Structures are given as C-alpha cells and as structure tokens.
Amino acid sequence: MNDVGPIPDSMDNSFEAPPLTLGQMAWLRFRRHKMAMFGAVLLLFLIMYSFLGAFIVTEDYANQTNTSIRLSAPSSEHPFGTDTIGRDILARTIYGGQISLVIGFSAVIVMILMGILIGSLSGYFGGKIDAILMRITDAIISIPRIFLLLVMAKFFGNKIPDIELIGRTFSGSVIVIVLVMGLTSWMPLARIVRAEFLSLKNCDFVFAAQATGTPTWQIIFKHILPNSIAPIIVAATLGVAGAVIGEAYISFLGLGVQPPTATWGNMIEGAYNHIESAPWLWIFPGSFILLTVLSINFVGDGLRDAFDPRSRSI
Amino acid sequence: MISSSTIQSKPLVKVEKLAKHFPVTKGTIFSKKTGILKAVDGVSFQISAGETLGLVGESGCGKSTVGRTMLGLYQATGGSVEIGGHNIGSATGKEKAIIRRSSQMIFQDPFSSLNPRWSVNAIVSEPIRVHKIIKGKKAREERVAELLDLVGLSKRYMNRFPHEFSGGQRQRIGIARALASEPQFIICDEPIAALDVSIQAQVVNLLEDLQKKLGITYLFIAHDLSMVRHICTRVAVMYLGIIMELADSDQLFEDPRHPYTQALLSAVPIPDPEIARERERIVLGGDVPSPINLPGGCRFHTRCPIAREYCSRLAPVWRELKTGHWVYCHEVEPRFLPNE
Amino acid sequence: MENLKTLLDVNDLNVRFHTPEGIVYAVNGATFKVYEGETLALVGESGSGKSVSMMSILGLIPLPPGEINGGPAFYRNRNLLTLPEKDLIAVRGKEIALIFQDPMTSLNPVLTMGRQLTEAVIKHYHVTKSEARKKAMEFLELVGIPEARGRFSNYPHQFSGGMRQRVMIAMMLALKPSLLVADEPTTALDVTIQAKIVDLVKDIKQKIGMSMIWITHDLGVVAGLADRVIVMYAGTVVEEANVDDLYKKAKHPYTIALLAALPMINSRRGAERLKTIPGSPPNCHHLPTGCAFAPRCDFVQDQCWKCIPPLESVADDHFSACWVDVKTGALRS
C-alpha cells in the first residue's frame, strides 16, 4: 500500500520555496509596482499631515479670524497665506484634510456595505430577487447625482446631530455628506460584485459546499465573497478618491460642510471670488485634493495588478 | 466482492425515473421559453451497499447532471431519489442534514473544486463543522490530520493553500473532504479525467482501498471506459439523457448488447498495437442530436446501425435480457416491440 | 529506416523559460528524427516537454521569456532554429501544418467557417474567389462534414468540437503539407469522435502522402495510429522505438511503468490492482542531476543519481536513455 501512504519528502518536490499565502503574493506584486508604492507613501504622508498635524496646530487656531491680515500671500508666519477673513490656510488644510479624508473613507464604507449586500444577494440568488435589485440599482444610477445630493442634503439637513470623534466635534452635516456620498455611489460596485457572484456560484467548490450542507449565508459570505475581494478592494480605493472629489464639488455648490469648519472643498469654494487675485486660497487645498486623488489612483492601479487572478507569478 | 447477483433486499441508493429539464430561454428582459433541454430524461437504477456503479457516456449524455441532481444540487424535474431510505426530494430539516452527511461528491476539476482562499484544514474540516460531528478546534484538527493521512497526504500540509498543490494532491484533498462527514455513499464525478496517467492510477487505487476499508458505496461517473471496467461492479451506459444498457461490468464489456454500447466499446483506444490493427470498428453515422430537439421514438435511431423503420416512432421498453442485464432497444435479441 | 528520407532532424534541443518564479527547464537535450511518410507519436505527461519542443522548433514560442539553445533542428536541410522569420513563416504555411487541441483558439469566432476556409484556399492556391469556394466545399466534404454547402455560412461556435477539428483538418488540407503536427487534437473529444478523426487523418495521410507528428499523452490512441513512438520525460527523450517494440518490449522503466499503470479494457474486473508510479511528475524548476526519473524508478541504481543517461541504441531501431537493463536489473555494460 506504499502508494497510498504519505508521499515521502524525497519524492515530494512541490514545496521548494517556502509557501506563500495569496496575500503575501499580492503584497509582493504590489511592491514591484513603483508608482503604486509611491502613491502609497504619498497617501500615508497626507494622512499623517492631516491627523498628526493636529498636534502642532489647534483647531481654534485654524478657525481664528484676523481681518487685518486677510488675503495675505504666503509668508514665514503663514506659509500658505491667509484666507478672506484672515485665517491661516496651512492650519485649515490640516483640519480640512481630516474632514475630507474622513468623509472619503466613511463614504466608502457605506458604499462597500451597500454594494456587497445588494450585489451578493443579486448574484447568488438570481431570478426575481436579482431582477428587482438590479432594477432598483438601475433606477438610482439614472437619477442625476446632484439632484440626489440636493434632495438628501435638504431632507437630512438639520436632522442629524453632531458627533464627537477623535477629540473634535463633527457637525451633523458631515454624516449627511457621508451618507449621501455612500448611498449614491454603491451601484457600480454592486454590479461588479454581482458579476463575480454569477461566475463564482457555478464553481465546483460552491457545489461542494452545497453538497456538504453548508448554510447559504456561509456560502455567500465565507466562500464566495473572499474570492471576490479583489475588485472590491480596487473599487473601494477608487471610491475614496471619488468621495474626496465629491465632497469638493458639493461644497462648491454650497451644500457641504459649512464654515467655520474647514474642508478642502469648502476652502476652494471660499476662493471663488479671488481666483486670480489670491491664488493661494485655492492652490493649496486644490493641490491636496489633487495629490490625494492621484496617490489613491496609483495605489488602486497597483492593487488591481496585485490581485489579478490571472497572474500566478510574483 | 459484491456482484449484482447477490440479491439485496434493500438497496442503498434507489433512483427512479429521474428527470432534469432546463428551460431554454431567449431574450434578456422579457425572456421567452423557446424550448426544453432534457439533460436527464427518465433514469432509473439501484446501487447496493458496498458496490460501485459506473455511469458512462459521452459528453452531453447527462451523466454529470444525474450526479448533481441526485444530491439535490439541481432541483429534479421529475422522478425520485432515495439514499439510505431517505427521499431527497421530500426531505426537510433534520432529514436533509442526514442525507447531506451520508452522501458526498468528488469533483472532476481539481482546480475549481477547492476554495482557493481556504486552507486545507478549513476545506477538509468544513463538513465536520457544518454537521457538528466534532466539537472543538483542536479535536477537529486531529481528525483532519487523520483524514489527510488516510488519503496519503502529510498533516504538515494542513495550513497550506490549494494553489500550492499539484492536481493529484488536490484530488486527494477533495477526497479527504468527502470522507470528513463519514458518508455511506460518494458520487465520483469524473474524478481522474483531469489528471496525468501516472497519477490516475494512484487515485483509483486510493478510492478502492477506501471502499475496502470503510465500506463506501460509489457512483462512478466517467468517460474513460477502461478505468470504469477496472473499478466498477456494474455499469450503466447513458445516451441523450437516458440509460441504454445496464449490466455487470464484465458482462457489459465482454457481451455488450446495445448497438450504442457496442459502438462505444469499439471506439475505445486500446494500448496494444496488434489489437488496434485487428479490431473492427463500428462507426456511428451523423452527430449527436441536440437534447433540445430529441428524435422521436428511440432517440438513438438517427445514428443506430440496426435501426428499423418503427424505431423512429416507437420508443423502446426498458427490459431485462438476462439476470441483471437490462437494455433499451427493440432489436436486441430477443426482439420486443411495445404495443403501438 | 535507412531507406526513408529524413524530414525532420532535431539534435540536442534545449528550451528554457525565464519566469519571475525562476527558470523553467522545459526541454533538456531532446534528440529525434522524423522520416518521410511516417506517423511519429510524441508521448509524455504534463511537463514532459513534448509540446514545447515541437512548438519551439516551429518558432511558436515567444522568445523572451523563452530561450532556445542547442539544435540544429533541420527540416529537410534547413535549420529551422536559425531561419529568418519570413522564411520560417513560409515553411509553416506551405509545408508544415498545425492542428491544436482547441480549435476555437485557431478559428476566428466572428467570421463564418466558409469564409475562413475560402481565404485559406485563396492564400495558397491563388485562385479566384468562386473557385476557392468550390475547393473549400470539396475539402469540407472530404473531411466528412455533411451538407457542406449549408454549413458554409455557419460560425465556429455553431459547430461541435469534433466538427471544428474536422474544419481545422480541412483548412490544413488546403495547404497540402508535407508534415502535419498535431498537438493533442483529440484530447478534448469524445471517444467515438476521436476514433473518427483518427481515421480521417490516417485516410488523408495516405491520400496525400504526408508525414505526421502526433503529440499526446494517450497511449491508447498511439497504439492505433503511430508507426514510431518517442517517449519524453522531464524534457528529454527517454525511449524511441517502433510501435510494436514499444508496447511489447519496452526498455525504459518509465515507459514500462506508464504502460503498467493503464487499465486494460479487456482484462477482467478486479483482476489486478493498478500498478502506480509513486511520487509526482518532475519539478521543471531544476535541471536534473542524473536521471530525472530516478526518484520514481523501480530499477534505480547509484549511478542513476549521478549521471544523466544518454540516449543509446538498445536493439534494432530501438533507443533508450537508461543505465539499467530492465531484464536483469543490473547496469548495462
């Protein structure tokens, strides 16, 4: 019976190198992507700037007005200059960054939850459930986003209370914006997740789980979902960029977080009348947005390559 | 060794007139049913405990669909399946769980039958967890080690992932998973088709050893007829959704009666150049008809070398030629025509 | 064999691939000949190098990451390995025809079969379109596709696997090649279709007098088709013999083990346990030191681990790469 016994090590030559988990392989592939690494480092820097910078300047300082030095160009005292009512722009970019980034990441969490929920149920069950969910998805996609934002902003406007987080008070409008961004951006992800589920649910390992008697929810969330992580992660990273930009333009429409609380978006809005005369008003917050989005896109590129199931090489 | 002449009063597996039809639709938004694909169209057989029934046929004959419908992975359109006395179609709750525990499946493709994100331990222990056979992580791990040992894999591999293994090793992992719930009945759906020749023998020997050791009953679905003869007690030959001939393994291969079986066997390549030169081949004309548009009467008549005029009008009767040797054909001696 | 002309003469072919995971040694010193008018079977399991060796000779391997050393590989008297691209394409088009396992990848899914076939005919026969259509239909009938006229306007996906292979053969017929290289053409097909295709190919071979190289792992098909057989393992030729000698008097332990692992359809059930080859196929990330089959060989000796056995003549027209005489179990003198 020696051919059924354990394969002796001398004959077993499939483990030459220490085995790598799929996660490790993905990380190694990501590391080789120079732009992605650059983007990751840049993103890390931006996050540290916004959150650790709070230890250097206080929020009060960021909101401190001083009309005598209004609209002054960058100087040693105010490296990024001052805005229309004399507030230090550097400090405001720090605190503004916190809000913009928090909005970005939180909106993405909402987006992911909605997208996964709808997409997985739709893809796995098919039939009527799929039809209904997908028609809802289509309906929401076809409504212009700005319209939805306006309506939701108006509706939720003053109904959500402020919350305390990481030592500062976030006005209720932040939550509204997070919800609005999240609830208007989950649709493409839902479609992607649905597509993944449609193809994965016919895989033999799903049949095997069904034959074993594994409960359906386990099949959906423990079997199939982990195999569709790749497009979800990519969509999520890009979603952060989308949310940061989204915050910028709804602020520009005047529907975003209201001053004195700073966000990168409403800082640009405040520069509306001084575009040429005081460019530092919009250059700095604008650059931060640009750098954030750029770095996220690079990271997203790298992640997409890293998780490409077709390449089994490192 | 079991031979079908041993009369089993109560077979372990009883399949009666099993049918699985798939609707063929056209259009995406308002889909219209344009036809029915009769993948399985009335299949009946029994398997006694400890026996291995082979189910063979060419692609599109429905043999894989039979296996999956038997386990309830597809909802049967008609007929019934009884495993260990429990009817799959009408089972609910507890009974269903018992059936799931007692019948398992081994799949053809070693690459898609294991979840690439799960470790070997997670994969093999899943049935144990789901059926709550052993409680406690440590105890389950020990059982997984035992199962891996049973299939010839070292327990060192427990925390590795499928992509690190070869095809043959993955099949072993799949077998270990099938054994984890201590089943009485395992459906092997082309388990060796995707493996190298030298590995196929390893896996087949393993399956046979496990049968001897644990008394498992197998349904062996395959298209490699040489391997089927080696491992199966009885063999059923399928064509376009129904069984054409069913007999003891040796009987079928030495004295095939149905013209389709005869043609099939004459086409099987034999690794012996002398025999290959001398053989007579029975060539089947035409192509396999579409299972959406089945020929009338006997569905084999369009390609049958001995078809008569009435074969296109009258469907044959499933009849027993001699003990344990059944055939679906008018013309096989003694001829038998159903009443019109 | 002295009377037959040599069509293909491959010497010491080495092919390796540079992958991010390391070097893959696909072919390690393969040497063989193909004679005019014969059917040669190139047999091996996955990783044996059987496909790669032929594909590299024909210039179908991308050259990075592939790297070809050794050779020469003469077709008639031209070294295919050093031929400029243009000439290689001409040889492939005119004299050497190829059919693959999956015809879908060789056929354009958006063009009708008729059109593809007609184009192939025009390219090689330089006739008018209507003449080409007629010829194309003749070829389709020759390969046994019923109602050829009607199926002319069908698309590849409307044909079954077996039919598509027939169309591939028809296209290949249009070339009237001297050599047909078939890479596992029937592996994915049912047994009855496979038998028909094999018959068809044999028939055509006789009609137009071409030579054939049939790459496969199926020893059953080989027995019914080949004149001579070459067995490959771990990128090198381990045995070469005519078909009767190989099956009845195999000399290399791998061939013997492979044949023993096959269930015979005419042996009674349960008669014998299948004899297996222990272990797994070789790891092609390492160049073997010594014989690559040593870890799995029943007849292994000390020498086998140290030196790679050369391919030597062990009988009339019968070559084996092994240090051991399997009859006695001792080292060959």
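For clarity, chains are labelled A, B and C in written order, and residue numbers in each chain start from 1.
Rule of thumb we're sticking to: a residue touches a chain if its C-beta (ideal position, glycine included) is under 8 Å from a C-beta of that chain, and two chains touch if they have at least 3 such contacts.
Computed from a predicted structure; not experimentally measured.
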item	value
Graph distance between chain A and chain B, where chains that touch are linked	1
Among all chain pairs, the one with the most C-beta contacts	B-C
Rounded Å distance, chain A centre to chain B centre (Cα mean)	49
Chain A-chain C separation of Cα centroids, rounded to whole Å	53
Chain B and chain C: spacing of chain centres that average the CA atoms, whole Å	32
Overlap residues in chain C, where contacts from two or more other chains coincide	276, 278, 280
Chain B: positions in contact with at least two other chains	166, 169, 202, 205
Numbers and ranges of chain A residues touching at least 2 other chains	3, 7, 14
Residue ranges of chain C in contact with chain B within the complex	45-46, 146, 160, 162-163, 190-196, 199, 217-224, 243-244, 247, 257-259, 261-270, 273-278, 280-281
Residue ranges of chain A touching chain B (in the complex, touch as defined)	1, 3-7, 14-15, 19, 21-22, 203-205, 207-215, 223, 226-227, 312
Chain B residues touching chain C - in the complex, by the definition given at the top	1, 58-59, 166, 168-169, 196-202, 204-205, 208, 223, 225-227, 229-233, 249-250, 253, 263-277, 281, 283-284, 286-288
Chain A-facing residues of chain B, complex	68, 71-73, 96-97, 100-101, 103-105, 107-109, 112-118, 126-127, 130-131, 149, 151-154, 160-161, 163-166, 169, 174, 177, 181, 202, 205-206, 209
